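Following are the structures in question.
Here chain A shows up in two complexes: once beside chain B, once beside chain C.
And now, the complex of A and B:
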């Protein structure tokens, strides 16, 4: 259980770092770290009696979130030849403050909600909620389309983490289909980013201003 | 049969990708649409057995929305053959900013159309919340390339907004599903699956705060996709920038699919004795959507955005009807059918107008009665139908809804609803009246005759909407009563 809590603390640190990092490449590496940490969670849940379901899920999460996504994102970044600096609409300091506020709110909420006994181990709920919050903050507080995709992935990671204790026995295909869905979503978003870069000569979504009432 | 319903569009998509000739590809599209519609019709004669170990199961609400999607797809597929022929290949000049652009390859477009139908079929033919989530995510992914058919700046902007906003919305819906799992968590006897058959009997014992939280997230998540205000931002952009037949499918079929996701959650809360909570939220979002649509419709200068905001209004009416419950649920289901048919027709007609006038401005597209007599007449009739004028179906459904509101003592909601409907009627009548009358602009050269393939599909859809207003066959009435009964009406 100590190892599990260490993973949760590492995930929380990852979230805060997400909001403070100003280099896109570092942000992508951090996505890989978050994916790898997330892959460990199903295994840690099942403990020493790790069965096929947990192993398959861990492997899939590692392959998709720990390797696949970062590779796709890094490839997109290197092909686009864009400015590798994250451009914020909300400053890094303010983003970090928002992240810490999200963490404090999650910790407070954990003490207030009537959790079913034995479902969520300590720290999992605040870690998941903060991950979702940090991801959504990246979506709305950064200018580059690529950063928005990374934020979307972060939010998905948080949701996945929240769902891990509920992962049903023998229904691994469903979790895999959800993973695959997100994978395809990122793939489609990657293609869209290529088109945005080609058409607008930038991946700054601040240039999207022609469709208004 | 349910497997076949899914396989037909998937195989058609594979064929569209593989075939080299455009004519063959269009034939496959129509064949798939006909086959799918025939299979859906057969489900009324022979109720299909559950498939894939119970993951696919068609109940009355699913059957209603599946039928609408299939019917609309058939009309759109027929329209698409004429549209794609007219579009042709090669570079084009954007009529708005003068830039040069190309269209997406036709094989990608037709394949994505078929996959879009498959995804909507999956959403409608399951009672499993997880599979439904996967289906709705698949609708986003398969429809994004459709919105970006015309590869220019504005459609790309609309596609990105659609992808990102709807993906975040669907992520929130996933969170809602997880919260449902927490609500139903029981270590002694775990839930067999996220299927309504397993969840409804145990809903009364589920954790109430978690059920509330789950419903809120699902309402916000799927409400984003459905176009409920204030999560509707993607909708006017995507509807105005996509090809008109895609707009017809988005508005007439896709929004219903997202609504089905909310209905499933409402069913669970109803079984838990919390219909007042979920219904109250639906009423709130419904009225807000109608009010916001009224604000944006007045003075709207883009006729495709006008139709898009009208969709926000009608989604609001659906949410209001289901939220009130009782007889209003029946009215909402009839309204869903009439709105799909009418809005599908209107978007197809808007495509004809856009093809001739090369503008989406209500001020510049004038003299429709003279330039395109059939399209002009259909545009005027469609406007009357969508605004709830007799004798069209929407008049009947709105009348039933208002009667249920007054009978149930929901006077404030009824007055708000009537006020918004009146504002919207006036707001839409000004640009529509301007468009159909007056002289044809000198730069516009009307054709000698309008091709039947351009006005046939919208005419058929509008005729159906008219029939629903004049006469509701007893079997259809009984079916809609079953649909309403299944969702607590």
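And now, the complex of A and C:
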């Protein structure tokens, strides 16, 4: 359980780093780290009695979130040849404060919600909720479309984390199909970003305001 | 004798830490490097020289280095070492330590401003800004340590409970190490070897000092480095319960290792742009806040 706690703390650190990093390439690497940490969660959660389904889920999460998505994002970034700096609409320091506030809120919320006893291991709920908050903050507080895709992935990672304690043997297939959906979504987003870059000569979503009928 | 051992060791060995850092940096660059005791030779040379003082400078210019050195020496009395309590300890002594360091910095800043040099004013301004950003992070670290210790003194925080091997317990030494780099004007925050006034922080602030005044500044900086190394090592190493001789041996080795680590960091990292230093300190602050929240939550 100590290792599980360490993974949760590492995920929390990842969330804060998401909000403080100013380089797109580092942000993509961090997505890979978060994916790898998430892959460890189903295995650690089931402990020594890890069954085949948990192994399959962990492997699929690692392959898609730890390797696939970062590779797709890095490929998109290198093809677009855009400025590799994250452009914030909300400053890095304020984003970091928002992240810590999100953590405090999730710790408070955990004490207020009537969960069945033993459903969530310690720190899983705050870590999951903070991951969702960090992802959403990245979506609204950064200008580039690529950062918004990474934010969307972060939010999805949080939802996955919330679902882990609930995933019995039957729901593993559901989780795997969601993973496939997310994979397709990121693939489509990569193509969309390419088109945005071609049309606006930038992936700054602020330029959408110049669209006219 | 035992209570005075740490201050005596600090007064004797602090300049050696600078020697270790320089030796590690030299080895990384493939050079033999300066002698380990070079800082002692420099101090002896500076003490023999006379001081050149600008006609526009007032008494503050001469008082700055002396006040700065005295404040750091007083702060050292509050820091525990080698698994033993500090020479002086009382509830809230960490506040006094932080503000003694602040007083030391203020004295140097005022002395720099007193010269009327625009370069020194620029350095003083930068030093004050970065220190102001580092201070809340230091207090967050102290809060973290205080929340898991039995008393509110540095000795209780650093000697009492031993380190928490929960993951967040390891954040505090890491953050203190970042503060060590920032407060002691080491890379990646400031380059102690730079000769370009426009990019200097600490070094540009003391450009006009010479002779014994400069010796006080160099010695004070070595003592401050020793103090931050002692804080970092103190919250990382559980030395309580060890035989005193072994504890002091392990502690001194850890101090040397921390200095070597500073040398490694300086060898493998480039200096940060001035505008990015607040982000580094902000990140350290975020991590400190996370450590505090998790410590309180447990």
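The rule is short, and it goes like this: the second predicted complex is superposed on the first by the 207 of 213 C-alpha atoms of A that agree within 3 Å, B and C clash if a C-alpha of one lies under 4 Å from a C-alpha of the other, contacts with A are read in each partner's own complex, and residues count from 1 in each chain.
Everything that follows uses one rule, which is that a residue touches a chain if its C-beta (ideal position, glycine included) is under 8 Å from a C-beta of that chain, and two chains touch if they have at least 3 such contacts.
Please read these numbers as outputs of a predicted model, since none were measured by experiment.
Aligning the shared chain A places chain B and chain C next to each other free of steric conflict. Greater residue coverage of chain A by touch, when chain B is weighed against chain C, goes to B. Once the two complexes are overlaid on the shared chain, A:20 sits against chain C while remaining clear of chain B. Our angle of interest has its tip at the CA centre of chain A and reaches the CA centres of chain B and chain C; in the overlay it is 150°, to the nearest 10.
Once the two complexes are overlaid on the shared chain, A:93 sits against chain C while remaining clear of chain B. Once the two complexes are laid over each other on the shared chain, residue contacts for A:189 go to chain B alone; chain C is not touched.
By the touch criterion stated above, A:104 is placed in contact with chain C alone, chain B being left untouched. Contacts of A:12 after superposition: chain C is touched, whereas chain B is not reached. With chain A fitted onto itself, chain B and chain C come no nearer than 23 Å, counting C-alpha atoms only.
Residues of chain A that lie in the contact sets of both chain B and chain C are absent, per the superposition on chain A. For chain A in complex with chain B, the residues that touch the partner chain are 113-119, 132, 136, 139, 145, 148, 152, 155-156, 159, 162-163, 166, 168-169, 171, 174, 177-178, 181, 184-185, 188-189, 192, 195-196, 199-200, 205, 208, 210-211, 213.
Residues 166-168, 278-279, 282-283, 285-287, 289-290, 293-294, 297 of chain C touch chain A in their complex. Here chain B touches chain A in the complex through residues 130-131, 133-134, 137-138, 140-141, 144-145, 148, 151-154, 156-161, 163-164, 167-168, 171, 174-175, 178, 181-182, 185-187, 190-191, 193, 207, 209, 236-237, 240-241, 296, 300, 305, going by the rule given at the top.
Across the interface of their complex, chain C is touched by residues 5-6, 9-10, 12-13, 16-17, 20, 22, 92-93, 96-97, 99-100, 103-104, 107, 123 of chain A.
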